[in-house]
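Dropping the structure in here first, questions after.
Going in written order, the chains are labelled A, B, C and D, and every chain counts its residues from 1.
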Amino acid sequence: MIVVLKPQTTAEQIKKFSDEITSQYKVTVNTWVGTQSTVLGLIGDTASIDTDIIQANPIVESLTRVQEPYKKANRKFHPDNTVIDMGKFKIGDGSVTMMIGPCSVESSEQMAEISQRIKKAGAAMLRGGAFKPRTSPYAFQGLRAEGLYLLTEAKRNFGLPIVTEIMSPAHLPLFEDVDIIQVGARNMQNFELLKELGHCDKPILLKRGLANTIEEFLMSAEYIMAGGNEKVILCERGIRTFEPMTRNTLDISAVPLLKKLSHLPVIVDPSHAAGIPWMVEPLSMASIACGADGLMIEVHNNPAKALSDGAQALTPDQFDGIAEKIKGLAGYLGRSVNTLE
Amino acid sequence: MIVVLKPQTTAEQIKKFSDEITSQYKVTVNTWVGTQSTVLGLIGDTASIDTDIIQANPIVESLTRVQEPYKKANRKFHPDNTVIDMGKFKIGDGSVTMMIGPCSVESSEQMAEISQRIKKAGAAMLRGGAFKPRTSPYAFQGLRAEGLYLLTEAKRNFGLPIVTEIMSPAHLPLFEDVDIIQVGARNMQNFELLKELGHCDKPILLKRGLANTIEEFLMSAEYIMAGGNEKVILCERGIRTFEPMTRNTLDISAVPLLKKLSHLPVIVDPSHAAGIPWMVEPLSMASIACGADGLMIEVHNNPAKALSDGAQALTPDQFDGIAEKIKGLAGYLGRSVNTLE
Amino acid sequence: MIVVLKPQTTAEQIKKFSDEITSQYKVTVNTWVGTQSTVLGLIGDTASIDTDIIQANPIVESLTRVQEPYKKANRKFHPDNTVIDMGKFKIGDGSVTMMIGPCSVESSEQMAEISQRIKKAGAAMLRGGAFKPRTSPYAFQGLRAEGLYLLTEAKRNFGLPIVTEIMSPAHLPLFEDVDIIQVGARNMQNFELLKELGHCDKPILLKRGLANTIEEFLMSAEYIMAGGNEKVILCERGIRTFEPMTRNTLDISAVPLLKKLSHLPVIVDPSHAAGIPWMVEPLSMASIACGADGLMIEVHNNPAKALSDGAQALTPDQFDGIAEKIKGLAGYLGRSVNTLE
Amino acid sequence: MIVVLKPQTTAEQIKKFSDEITSQYKVTVNTWVGTQSTVLGLIGDTASIDTDIIQANPIVESLTRVQEPYKKANRKFHPDNTVIDMGKFKIGDGSVTMMIGPCSVESSEQMAEISQRIKKAGAAMLRGGAFKPRTSPYAFQGLRAEGLYLLTEAKRNFGLPIVTEIMSPAHLPLFEDVDIIQVGARNMQNFELLKELGHCDKPILLKRGLANTIEEFLMSAEYIMAGGNEKVILCERGIRTFEPMTRNTLDISAVPLLKKLSHLPVIVDPSHAAGIPWMVEPLSMASIACGADGLMIEVHNNPAKALSDGAQALTPDQFDGIAEKIKGLAGYLGRSVNTLE
């Protein structure tokens, strides 16, 4: 960490400030006295330093981090990819995993119909919302506990592992049979929830917040990992920008960036990113071409009757076509697609 | 709600679609058959309509809401200002309320020193964080239950009502002596938390999320109000933009807009908006000049030693000067400033 | 165009307003009187309607365009792809074109060295800046006329068609030997420049502005086309968002969206989008996988000595590797890459 | 400027790099060898350094500017406010100047009617567009030369100095009788235009671009000043964000920030910022309360008939009320409002 001090700072002030820092953090301070200003170089465990406190000191002009503030999620300290073992397949080992299903779980029949179709098309996991974060209190909030029951029923009947969203630490006991617990974009900085998930032993699929930076995203992964649970999957799902034609702007650069900065698997959700069904195919192709470990795609047996976000769901027939293209592209790139058949 | 149908839509499809809508929602459908396309006008309780479902229908070209999706927070249906009675003063009645204090509660001495100073300067409420949402799991997370104790101690000793942030529904029992419960920007769409707060009888100070629109902000207020708790105070605290010089961009237009669209009180937090102490004064002046009902400002007895966000805190001496200017401006505008002396 | 009128509007006001519209524009007005409000449907040449004027009328509540405001750039009216004939190859016919070269033209030797290398690697065009838009007046502004001379010299010696940026209509006479004239992101809404280029007969490569929507982008293309020059190539080069790790955020969704909305060729500039050399490869792969007609990539023989934007340039050796991957991917997708060898 | 080098950098590489820098720029390089990495401190005329070139060097890890890249616009080097003498009044001397008029100049009668009304209400300048930047090539583009004639006619008849926008250096000869030349938001980085205006002796009102940072804004002012014309007035007019309710988001923080960083006058355009007439009053009050030197407001004698942007214009009657409030607030703050009566 490089700290530039204000021009008028006295030697005494510098000494006092350095002593304070070394007494509070496990770092050494190197002082470089220039003709116009003095620069301090802090070396050691700078990730634990609260930059706000340093910057509040009246002798500090500016501050630059050289080292990233995340440790457990940092590829520098963990060069090998994190590979998450799902039993019949792995996530993060170079293969491609398709997590497919409806926005909301609605009925036993719906889950059966969709499960059969997507499994046949090549999906390795069933996704579906039981607890639904909705902007309006008057919109359908999900079947909640009943939805979780329907998901596990589909899992039993069709052998598809399931991924679904949690919205409160209080609901954790209900997620016992869930294979991957999802944290939605709106809860990416619900730190109390992240802390709880750090103590559980299931993989966590963490979605990037609508307006969160890559660094904040990795810091939220760090929250879970700091609690002891290192099985985190990162999911890029679009960020909020000024462009109104797409629901969000898919930040495709996040895929190679996250793979470079971190060892965690990275998947993409093209359904929520654009909010437009026909765009799922090109965005899926782009995601796989630049290295994503998987895709989360909304498929509904009857989008026009969907109880939430139907506007962005594909039909099983449409997904069949996309799955074929994804398998072809992955194959060309020397990557396998995880299937259960 | 205006629904434009695709050009090729048949009369039969329109009939089926209209029947579906009227069976699901308390609305009537007016059909206007044009030469090129057909337009449906939905009249009635359109706030309860899930626009995603309508848009997912393959015959729908586009959809425009004419009526706002929020009802209880809507000034159209509640023309009079919501006035929240705090005992010795009111919020939302035209007066100005200053909620002042440190980012984090740190010690009994700190709270005593700050409380005395800000009360004398004209603050009507003491703010301070016990539970702190921090980007890094390695940063100070607040004194938590102990912090709440120190806040209530200061309240007892100095007669200042207190406002502090909640981060999980599980902590609610600890907030019994808190006068206003704050929901932070990162939890603005933590819907499970909002629902719980809808069942409590304390005023809720709801901060706008970093990347949330005015409409989403009002919908989150609606979540609380739909549960029965109509004592909601809205707080604009800056949104995330591309400008790097300020921590966030204070959306000053939100103040008059929220006052127009809603009957709820609106306050501004200039400390978090800019993240720069010397900007608190001009931004406070601007906020009062365009109608804000109050200000939430960070003041710390020793910013350089603050355990969080010290960089944006003012000293009590600096606040004295700002408080004088605010009182002067409010007076010129014919508004009183609530004080406890 | 759907115009919703305010509830209290009288029949007389509606009549007067409708008469005004039909006298000013080639449209017919259909009136739909509902129980609560009246809706007007404007049918005909609505692209020419100034929505600001309609909205300023005190009887208007809201307005929704059903038809796009661009005509010549609109795929609805021109279903076939625009194919631009460059002599030895075509742009927009399904093939992939690589436009490669340094940010700034610096010397005859530089241009010779780069031209040889990129031509061999598979580039079909040489790019290079002669007039450089720089944020600082103190930064290198390009060799200007001399730079254009060096570009045309390289064109003569190596047979590579050239593309370079124009910054003022006054410079147009200097661009006689340029094959494609580029309009930079900062000039996307320099309407006087666009009008001039509408009267020239060279293809125009129009870059999307940092903060311009897809619709505004197409409207700027429309400016050029309205003047008679229909040879416009659209270039996505990243938009400005809150994310600081990349210089801009590549809006990959713009590629399929622009291809759907318009018949014009669409290329991507991954060098400017991310500003990070190692990210050019994954972003190029993503761009081709989702349908881009070409790529504009910065390659410099000695990035560390580049007079501008060296930080984002690749070396010729690095480009060799990327070009191979792009050719492989394009081949897999059944698309050819235009080369001059 | 602080340059952090990569850990493995050799002494020889550092020597070579330092020599290159000192031979190219008027700076001295201080080297600070730490245990893990080496830091260089560049002191001297660092504003002229092209940071892109430094960052392209493979031994460079990161770079931080300590000094601002603008010099002539920088308050550090010019502590006193720039005061622009308009003859009967001054801009930048603590007084408030109201620049009022229609978006587009339309007719002699219009200009006469508006001029009389706004002069009486307290405007010191008449604004009006002759050359209009419009998103659509099919929208009214302004009366151009005829519009300039009508403006100068109004100036002669009513004694109001005029401010109007230029869109191309080629039009400069037409602006001889214009008192302040405006550069619009879309041309803020039209560097060829800025250079030309640097050679003219009229005050330039420079509007901030929709997606430009404060630093870029000051760098564009620097372009004009570097050419010799130091009479620049900065105008904040809203930036592009994700919020759809207002046309742009007024960045009110820009006012105190620009006043602190620069000595140039700063005005606000609340009409374009919000795009909503009733919001002009609260945003004007906020602007004056936080230190703006003036306001640019759209007033039209018949907004519903305006040929452009009528939706955001006020009537002369509405402006009368706002002008009274502004004069009252300015008076309370000890500032005078410039009038011509």
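One rule holds in what follows: a contact is a pair of C-beta atoms (placed from the backbone, for glycine too) under 8 Å apart; a residue touches a chain by one contact, two chains touch by 3 or more.
Nothing here was measured: the structure is a model prediction, and the numbers come from that model.
The chain pair with more C-beta contacts between its two chains, of A-C and B-C, is A-C.
Most remote from chain C, judged by the distance between CA-atom centroids, is B.
Here the spacing of chain C and chain D, counted between their Cα centres, is 27 Å. Distance between chain centres (mean CA atoms), chain B to chain C: 40 Å.
Centre-to-centre spacing of chain A and chain C amounts to 32 Å, using the average Cα coordinate of each chain. For chain A, the set of residues that touch two or more other chains comprises 211, 240-242, 244.
Taken as a graph of touching chains, this assembly is complete, with every chain in contact with every other.
Residues 47-48, 50, 52-53, 55-58, 69, 131, 133-141, 167-170, 186-187, 189-193, 195, 209-211, 216, 219, 222-223, 226-227, 240, 303-313 of chain A are the ones that touch chain B when the two sit in their complex.
Considering their complex, residues 211, 213-215, 239, 241-246, 249-253, 255-257, 260, 273-274, 278-279, 282-283, 285-291, 328-329, 332 of chain A touch chain C. Of all residues in chain B, only 2, 4, 28, 30, 32, 34-37, 39, 41, 43, 61-62, 64, 66, 211, 240-242, 244 touch chain C in the complex they form.
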